[in-house]
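Going in written order, the chains are labelled A, B, C and D, and every chain counts its residues from 1.
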Amino acid sequence: MSIPLNWYLVLAAALFSIGLYGVLSRRHAIGMLMGIELMLNAVNINLVAFWRYIDPAKITGQIFAIFVFTVAAAEVAVGLALVIAIYRNRNTVVVEEIDLLKE
Amino acid sequence: MVPVLVFAAVSLVTLGAAIAVVTNKNVLHSAYFLVLAFVGVASVYVLLEAPFIAVIQVLIYIGAIAILIIFAIMLTRRLMSKDMEQRNHQWFWSALGALVLFGVLGWLVYSANWPTVEGAVPKDPITLMGQELLTTYVIPFEIASVLLLAALVGSILIGRESDQESRSAE
Amino acid sequence: MADLINLIENWLESLILGWGASQELTLFILQAIGSVVVVIICFVIVIALIWVERKLAGRIQDRFGPNRAGPFGIFQSFADIIKIFTKEYITPEGAEKGFYNVAPVLAIASVLAIWAVFPFAVNVIGADVHVGVLYIVAVGSFGILAILMAGWSSNNRYSLLGASRSVAMLISYEIPMVVSLLVPVLLSHSMKLSDIIGAQQPWWYLIVAPLAALVFLISSMAEIGKAPFDLLEAESELVAGYHTEYSGMKFGMFYVAEFLHQYTVGALITIFFLGGWGGPMAIQWPILGFIYFHLKTFVVYLVISWIRLSLPRIRIDEMLNLNWKFLIPVSFINLVVVAIADRVMMDFDIARWIYVGIMFGLNIFILFVSLFLAGKAKPEVERETFPTRPVAVPPGTKSK
Amino acid sequence: MKEFFFNITWIIPVFPFLAFLIIILFTQGNRKLSHSLSIGSMVLSWLVGWGVVFSAIGTPHLGEHPVHKSVPWFETGTAVFEIGYWIDPLMAIALFMVPFVCLMIFIYAVGYMGFGTEEVDPNYSRFFAYIALFATGMLGLVISENLLTLFMSWEIMGLCSYLLIGFWFEKNYDDPNKITPRQAGLKAFLVTKIGDLFLVLGILYMYSQAGTLSYADTLFNHEFLTHLAQTPALPIFGGWSAASAIALLIFGGSVGKSAQFPLHVWLPDAMEGPTPVSALIHAATMVSAGVFLVARIFPLLNIVVELDHHNPTMSIIAFIGAFTALFASIIALAQNDIKGVLAYSTISQLGYMIAALGIGAYVAATFHLITHAFFKALLFMGSGSVIIGCHHEQDMMELGGLRKKMPKTFWTFLAGGLALSGFPLITAGFWSKDEILAHAWEEFMHYGTASWPFFVWLLLTIAAFLTAFYTARQISLTFLGKPRGHHAEHAHETPNTMTWPLLILAFFAITLGWVGIPEEIVGHGNNWFHAFVGHEYASTPLSIPVMLLSSGLAIGGLGLGWLVYGRKPLEAGQMDPLQKGMERIRLGWLYTAMQNRFYFDEIYAAIFINGSIKLADIFYNFDYNWVINPIVNGVGAVTRGISNIFNQFDEKIVDALVNLTGLSGVKLADLGGITDLKVVDGFVNGIADVTGWIGEKIFRPIQTGKVQNYLLILLISMLAIIGIYLVY
């Protein structure tokens, strides 16, 4: 076990920040979704790493990771359906143009 | 030494791909880089001795999510040519915020004192996981399945054309 | 002689260790050699298969098939290879170069990667991972990715349409495939391929779970996109589907991947339902297991070819209906029934042959009930019937 | 039997919740089945609820030893959160009122939403699903055993109030300034959320101190409360104790929910919802939840008073309540919408209760909470009956003369109105209101005229008079005289499903007060209400002068109202005599201000909404101008960026400051120039202009409608909070 836990955590933190940047800066709605996926992946790396280094005898970390997978799948299905619906109704996928909330 | 090298390579690939995902001007290329990032993360799981999670990662993220994303991009491609600006005007602040967040997280990681334990992984993790899922975590498990069902129904409802629309289209 | 493969392996190992390599390095080199050997075997098999396939197709369609190059045309495949190697590579204008070139590689890699976990004989296993079944399903999804890449990057509408169609089809047929794969997993209590094969030594799962085998066969035929499910490259509609724009060796790679995929499906059915390397004397003589494995695979391959050469292509709505309204419900019901029956009989501790008999009966029962119900259902779309066309009738004759 | 009811208390909110689920999922298509389910579930809740109430009444010393049960709900780390129920006198009293009033309103809604007529609402079934969910929230709040489930129920009600106020979401008006139901729903949701934010902070603070949220370990644990009162609070609260900080934060929640000044603006607009909703949510139950919450944390307030005499917590609460009571009753004087008057009267009466809690009159506040719920539900349902009977005419200036046409509605409305104005001796409102005034009087006697209780008493007394006056005005305008519009001429009595609940509630509006008649009148030990709810708190001694005074005020207010409006009924098109009178004594501007609700909506719009839009604009510009030149371009770009910054600074900030000073000066000079009549209008406009202008130059990404902007702000705020945390 030559890799310290911190490395994984920092990797996850970097992935999370990159994903966050994607969510905040992409104009394409699907680009935003991709950023969210990266963030979820980062979370999962953390979960599995904690499992491996802090409580390897139990399996809790992996089970949480599986729940995150389900959430990610649900999120992407609904998110993409929304994007397609918006595309069909408003003919745009640019997040900035989806601002009905303002009115 | 070998694991360190492998870790370094894997994390470089993952982070590089991730950066490409958020910065590439062509959304479709971003999606393929996303696949690469997913592969990288799966390799990280392998390094962490969680092959099941790694395989599930490939199965769900690449086999389902990435393909859905690519599909959706193709369906909506008419509007996003690669000449268009792909980042909004607040990108600089976003980048700054993300960097600061990374700094804070990194600082946290290094200042915390993790109670790490040396120990071997369970011999038969999959059986153990199945037992745990159906005993300790049975309620979250059921809720997750309801969530998936709800997402399924919801996305069909949202995504399908309403009868009126398709009729007017005819 | 009995254990030829391990004999060679041990000899190589001692040789490399003798040269002063460390234990780790030796292992790495041996793995690398093993991979290369498996890949080479695959390609050799494909070369043979192409000839077999064409000959068989010829016979079934009342033709000779290849008969010029060499005796019975056995060198036809080599001639093809030379032709394909010397053809010009054409990249269409506006294609996405990188993806255009990566797609065929990915297509063939996704098939080859499945071979990494196959147990060829009792002690010849590439990588005996805990999650073998999942691995197979997961790696298979790269194939879909390759098709998407090829379809998109060709900058051709036919390619894109073919790719979209194939993805819709592949994703939906993955569900019954995975669910029917769960039956062997359930019966053998393991996702390890070697355990699955070991569990079905006297009684193949083809007998214990024939319905799962049938569903798996149908859905994996759809997965490889061969007739009657070859809508993704329906010539009359889409030219050649996602690989319309490919030529030369790049096309060749798709072609090889297709053949190899069919053979791989044969291998999967062998592993999951036909007892893998099992057979008389297979444990004492592992080399026999190796032969049995390929023999069984080849038989399944021929069956698939036979089916695809006999049936016409079906419409896309029929195809999706078959999947969503028949295969998926049947496979789920089958899974549940098998699970309950297995659990109940586990408590009773009955003789193995009674267990197998009950299982077989249950499977056949489900199959017939579902076929009966499916037969009762009315077709959704009433076919439009046109009045018979007036036919020109020579004067003086009586029209019917 | 007692044990049985105490064991199944948890089931009370479950019935309506099941009804909600079934209706929303399965029976939307069947109107009859839907309302039967809804009402049926409420009947069950009511039966079980009253079973619990009467069992609780039969339990001696329930106040000292509340019955409570809980089961672990979920755990995070080492913290276990529980879910359960808590039975004490306050809960029993609220449980007496809530399911019964809800049931009456549900039955009433059948008629109001037009069941069996061709005017039946298209979303009829959904309406019943929503009100069932609402009842779930309210009942859950009443029985909950800890602050977490209380908060959860609280938020369910917030959601329902949004859904129900905006129930007619497709309605639009020709007049763009008139608020639509959709906007009203949003407004209610957002304004109460401001209060909820404080509530969350209070609950979190409590949790950080106690490590648990159950009542038994926090609010009813004397040692813990003592400890809390001796712990200094966070630095931002000055030198206060943690107890007072928590109390004030939680009180912030009730300010939002109970529509107290300054978060009262949502309630009048909430009248855009269907009338049963107004009766259910904005009169009888939901707004009472705020008061209930303050009554719930009364032990906390008590400990603050006991251990920390100089703490202003109680006086803040009392003042806000008393001010709201007066302020809302002034506005109610000039409202012409029949529901608008009642809306402001609700705010005013809630102010009474809050003020009562602020001066320590726990029993009186609880008493008024119950009586008010009954008679205000009655009044709202009466007004709904008028509205249905007059074909959706709500303007009192167009009504009139309905006494003959709608006799049942008239008499029940009269009963409610008398109870509201506190008509002496026979009405419920008299006894409860009198008890509050008596308590205030006693406090003021105790502290003297220079103290804050004096002002509280004064405000409340004036409000009592005004209440009687506007009640008389409303009844006179609506029911007396001759019809002033064609809708009123063709009015008809409403169906039995609407009038029967009115009769039942009228009965309670009169008689309910008799359970709390002071001991001095009915003999020692016969003030049942006090004995049950609050015998650990000192009872309010009867004060004859106060009773005479309040009787006089009620009768005087009613009489004056009748003199002005009833004796010589208004003709169609005639000006409101109050307006005429005020204009004669040069107070017309005050009347205009009253009619316009003292311009609170406009001021809030100018400051918060326009302001943030304008601030957003500036940020947007800033952003845009800065970010065009990415720093990546190198040193040249950096220097140019810096010069840009200075440029921007010059242009935007310095100029803005110069202009601001200039404009403020001009406005001030204008203000000086404008004399008597124009002062208020000018002042209001001036504030609006200046703040709007400041906003224009300072506040907009907050309101861009772009999700990524919101997310970025979220990130930055989170980082800022982390920064603050690190610095501390």
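Some observations on this one:
Note that contacts are C-beta pairs under 8 Å (C-beta built on N, C-alpha and C of every residue); 3 or more make two chains touch, one makes a residue touch a chain.
Predicted model only: the values in this text are computed from it and were never measured.
Contact count check for B-C and A-B (C-beta pairs in contact): higher for A-B.
Per-chain Cα centroids separate chain A from chain C by 34 Å. Mean C-alpha position of chain C lies 68 Å from that of chain D. With centres taken as mean Cα positions, chain C sits 29 Å from chain B.
Averaged C-alpha coordinates put the centre of chain A at 5 Å from the centre of chain B. In chain B, the residues touching two or more other chains are 52, 56, 64, 88, 90-91, 94, 97-98, 101, 125. Contacts with at least two other chains are made by residues 708, 712, 715 of chain D. Chain contacts: chain C has no residue touching two or more partner chains. Counting only pairs that meet the touch rule, the chains in contact are A-B, A-D, B-C, B-D. Of all residues in chain B, only 88-94, 97-98, 100-101, 104 touch chain D in the complex they form.
Within the complex formed with chain B, the residues of chain A that make contact are 1-3, 5-11, 13-22, 24-28, 30-31, 33-35, 37-38, 41, 44-45, 48-49, 51-60, 62-63, 65-67, 69-78, 80-85, 87-88, 91-96. Note for the complex: chain B touches chain C at residues 2, 28, 32, 35, 51-52, 55-56, 58-59, 62-64, 66-67, 70-71, 74, 124-126. Contact residues of chain D toward chain B in the complex are 623-624, 626-627, 630-631, 708-709, 712, 715-716, 719, 722.
Only residues 24, 99, 129-131, 134-135, 137-142, 144-145, 148-149, 152, 160, 164, 167, 171, 174, 191 of chain C touch chain B when the two sit together in their complex.
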